[in-house]
Amino acid sequence: MTTSRTVESTDHPGVTVPTAIRAWSRWRWVRPSRWVLASIVLAGALLLGALVGPAGLTARSVLLELVGALPGVHVDSGLTAQQQAILWQIRLPRVVLGALVGASLAVSGAAYQGVFRNPLADPYLLGVSAGAGLGATLAIVQGGAGLPFVVPLLAFGGGLLAVAATYALGNTVGGGRTSAVIVLAGVAVAAFFSAVQNFVQQRFDDSLLAVYSWMLGRLSTNGWTDVVMVLPPVALSWALLLLHRRTLDVLAVGDVEAASLGVDVARVRLTLVLIATLGTTSVVAVSGLIGFVGIIVPHAVRIVFGASHRLLLPLSMTFGAAFLVLADVVARSAVAPAELPIGVVTALVGAPFFLVVLRRNKVAA
Amino acid sequence: MHHSSAPLSRRVWLGAVALLLALAGCTPMSAPAPAGTPANTAATTPAVSAAAFPVEVTSGAADSTTKVTIDKLPEAIVSLSPTATETLFAIGAGPQVKAVDDQSDYPAEAPRTDLSGFKPNVEAILAQSPDLVVTASKDADLVASLAKASVPTLVVPSAKTFEEAYGQIERIGAATGHTSEAATLISSMKQRIDAAVAKAPNLSGVTYFHELDPALYTVTGNTFIGAVYSLYGLTSIADATAAAGDDYPQLSEEYVVSANPDLILLADSQCCSVTPELVAQRPGWAGIRAVEQKQVIVLDEDIASRWGPRVADFVENLGEVVSTLELAKA
Amino acid sequence: MTPASTTNPTSADVLSCRGVGVHRGDNAVVSDLTMTVRTGEWVALVGPNGAGKTSLLHAVAGLLPATGELRVDGHHPMALGRRALARVVALMPQRPVVPPGMSARHLIALGRTPYLGRFATESAADRDAVDHEIARLGLAGFADRPADQLSGGELQRCILARALCQQPRLLLLDEPTSALDIGHQQTVLDLVDELRAERGLTVLAAMHDLTLAAQYADRMVLLDQGRVVHDGPPADVLSAARLGATYGARVEVLDRPAGPAVVPIRATQPPHPRAAHRPDQLGGTR
């Protein structure tokens, strides 16, 4: 990926431009049908998520059970009460939670990248993940791992604290005007929070396992409780981010030009960072640290569908949801009945996929 | 600090695996000593045989060819393993112990310090002027560093079988001049374990889920904990993963529910506040046989994770649990 | 127009500065600057690198705080608010930032920002306005191409179209053509001049090329180290002595029908290449 470039003193030679346009046109065929494509991919992922799992429910009975849940339809799926509990109380909430987490990480990642005009901007870079990690670690070493709400709430608080620290530091040092200073402040804050987190973790050896398993990422085991808990803040952050879709496009032309077009850059940036952080920490709190989604999904969408945030935000949400649901299918079926941490899956699947996409589009870069 | 998740995940993943392997020996302990333990009585028996020294003892795992030579009777032992500490005191070597690590909380009179067995600090260990260091860590650097200071190190890593556990007690006995007490302890343990097993009903076909932490890490039958359950014929629901070579797997929640274990044993009550009530409240768990039959048992995590003398207590406690079960297996 | 007249601002002034100072950090980049720009005028800001041209433009556009009395359309830029100011003043930067993958049309449409509510997107009327500017500037042929694949001249026309979408009264050009070849420079500047006549635009342009500036500007303001050195018609401002003093340059100013032309002169006249290397042909040409 390239960052925004400025125009150099010479015009492009005639040869370069057609080559570049051809590369750009490679994905043109998918553009008109993008909503259809996105819907099919998401629906397919959700269905696969509902069908696949180590409990050995047959596809037919799961489908019948799902159809039977529609109002006015009565079919006998043949599932026992125990199997119904597995489907409705364990597998489906996990699929839905995966979709919420994936959508939120992807759309927040797209927003961070837009706000800071930095293709690598993500919750890690701003210290959000480190802050959430510290909060979760404190909760776990104090014995909160088995209790509902304790780990999520402290993770959320830690993430907000970290982003506040990043912002305060960025404002003190750089007047808050340039995104580079904020990112540098984020790196410093992340290093500090990680160090504190490591220190706390080392002081409580016996909680290491619980801390590690949270940090590796896992779609939680609290059933619909987590979905219900995550949905309000996440939906709020989605709505607010989508409302800013055009503002993010304006920010893409840089601080000076955006300001000359009538945007209060510093205020808008703060607002968007808070919204994206709300979305990120809310899901990080229940899912642990799941990396890569916030970077690869928006980038892939940008390459295929273009950079306008009017498409980028909703499409990142859709494909992010599908991606994480599929990653979770891999996490719970690759070594069934054991599990892989989903963060490991997103990194293992995400990194090569990202390289392939980048390579195919090298001509355009 | 991590900009991308890939290095983080890998590091943490490896860390978690390493941790899991080490876990069995390294959880803290806070429960009172069950009746019948020899830990407090043996210390009063002065039967040190200094004449046997120098002595050569196997160091490392059971199949190790490494030998450590101890020139004279050790009188300033540093133990960095809670299991080794329990063994030392159980065979009457307690008076020779100068310092134990921060996790060695049993018996109460063990001279606990802030030394770490997880991340051993060589200088801090040497500051105790030890003449023998006993550790469960396979950290080769630690052994080499201590050797440079002419301090012998006896490595007794986490055991996988009863034979290994007994062998370690023998080795610790030989290294500290308590060979006969070690033999006595071993035969007493064997007797108690045989008696407990003989009393229990035949439970072959009964399945269990041993919960190491709320993320549903558990054990297979190939572990030391699994070997204890195997005494009663109990089968881990995780044995399906044993072929994959992972003896401490993290199970899918829906797999745990669909495997429908007869017995759930919580080894994460002290660390993570998990209770049978919270287990019953987990979505979808109410229908598990163990939950329905109220067979969700809280274990003492320390006794259930160390492979020392109190294994006999673990076996006896488990025997009591299973003999009260109305596990009418058809 | 004489320098003295600029101290008496009238209602016809789109821009008036009296004792204006601009700081970047602790450095004063513009000090005690007094000048006015009347409606419909084209004023060229000239001066050596670091004279404060861009800083002054940024202060007028409300991007930098200014001290002293600065009035844009009768208001202080900072007091007017960003959106209101962006409807009066449009800035055309020297090296516009082009987001990868954004189409030219999309980039141009960003000019409608000051007319849209905070969460709104372009209405049909806004899209018509965008289409109008695209057609006026002859951009229809590549409006749907990614802007980062346009040539420099095409891109500057897009940025001009974006500025026009702001429907400004005052157009600020920050060395708008210094990245272009001479043909494209003329194309863009001719366009700006036509639009100025069509729409009553006022143009304040920081320009490097003194000859070009003299051809298009009604008036020139020569800045040096943040202060006005001279303010007047191009023919008055461009004297060899004055340029020598401010730029440290050796130039000759030729008086041509199209306006004064500034020609640089080398310090020492080099030997004629033919005279040095091909003496045999020298005699033949004589």
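By written order: A, B and C. Residues from 1 in each chain.
Here is the rule we use: contacts are C-beta pairs under 8 Å (C-beta built on N, C-alpha and C of every residue); 3 or more make two chains touch, one makes a residue touch a chain.
For reference, the UniProt names are A = Iron ABC transporter permease; B = ABC transporter substrate-binding protein; C = ABC transporter ATP-binding protein.
Since this is a predicted model, take the numbers as computed values, not measurements.
Interchain contacts link the chains end to end along an open line, per the touch definition above.
When C-beta pairs in contact are tallied for every pair of chains, the largest tally goes to A-B. If you average the CA atoms of chain A and of chain B, the two centres end up 40 Å from each other. Averaged Cα coordinates give chain A a centre that lies 44 Å from the centre of chain C. Remark: chain B and chain C have CA centroids separated by 79 Å (rounded to whole angstrom).
Residue ranges of chain A in contact with chain B, taken from their complex: 53-56, 81-83, 85-86, 88-91, 93-94, 120, 124-125, 129-130, 140, 143-147, 187, 190-191, 194, 202, 205-210, 212-218, 221-225, 289-292, 295, 332, 335-339, 341, 343-344, 346-347, 351.
If you check the complex, the residues on chain A that touch chain C are 1-12, 17, 20-21, 24, 243-247, 249-250, 252-254, 256-257, 259-264, 302, 306-308, 310.
Residue ranges of chain C in contact with chain A, taken from their complex: 58, 61-63, 82-83, 85-87, 89-91, 93, 95-103, 106-107, 110-111, 113-114, 116, 118-121, 145-146, 148-149, 151-153, 155-156, 166, 178-181, 184. Those residues of chain B that touch chain A in the complex are listed here as 1-6, 8-10, 12-13, 15-16, 19-20, 23, 26-28, 103, 116, 118-119, 212-217, 237-238, 240-241, 244, 246, 249-255, 257-260, 268, 271-275, 278, 282-284, 286-288.
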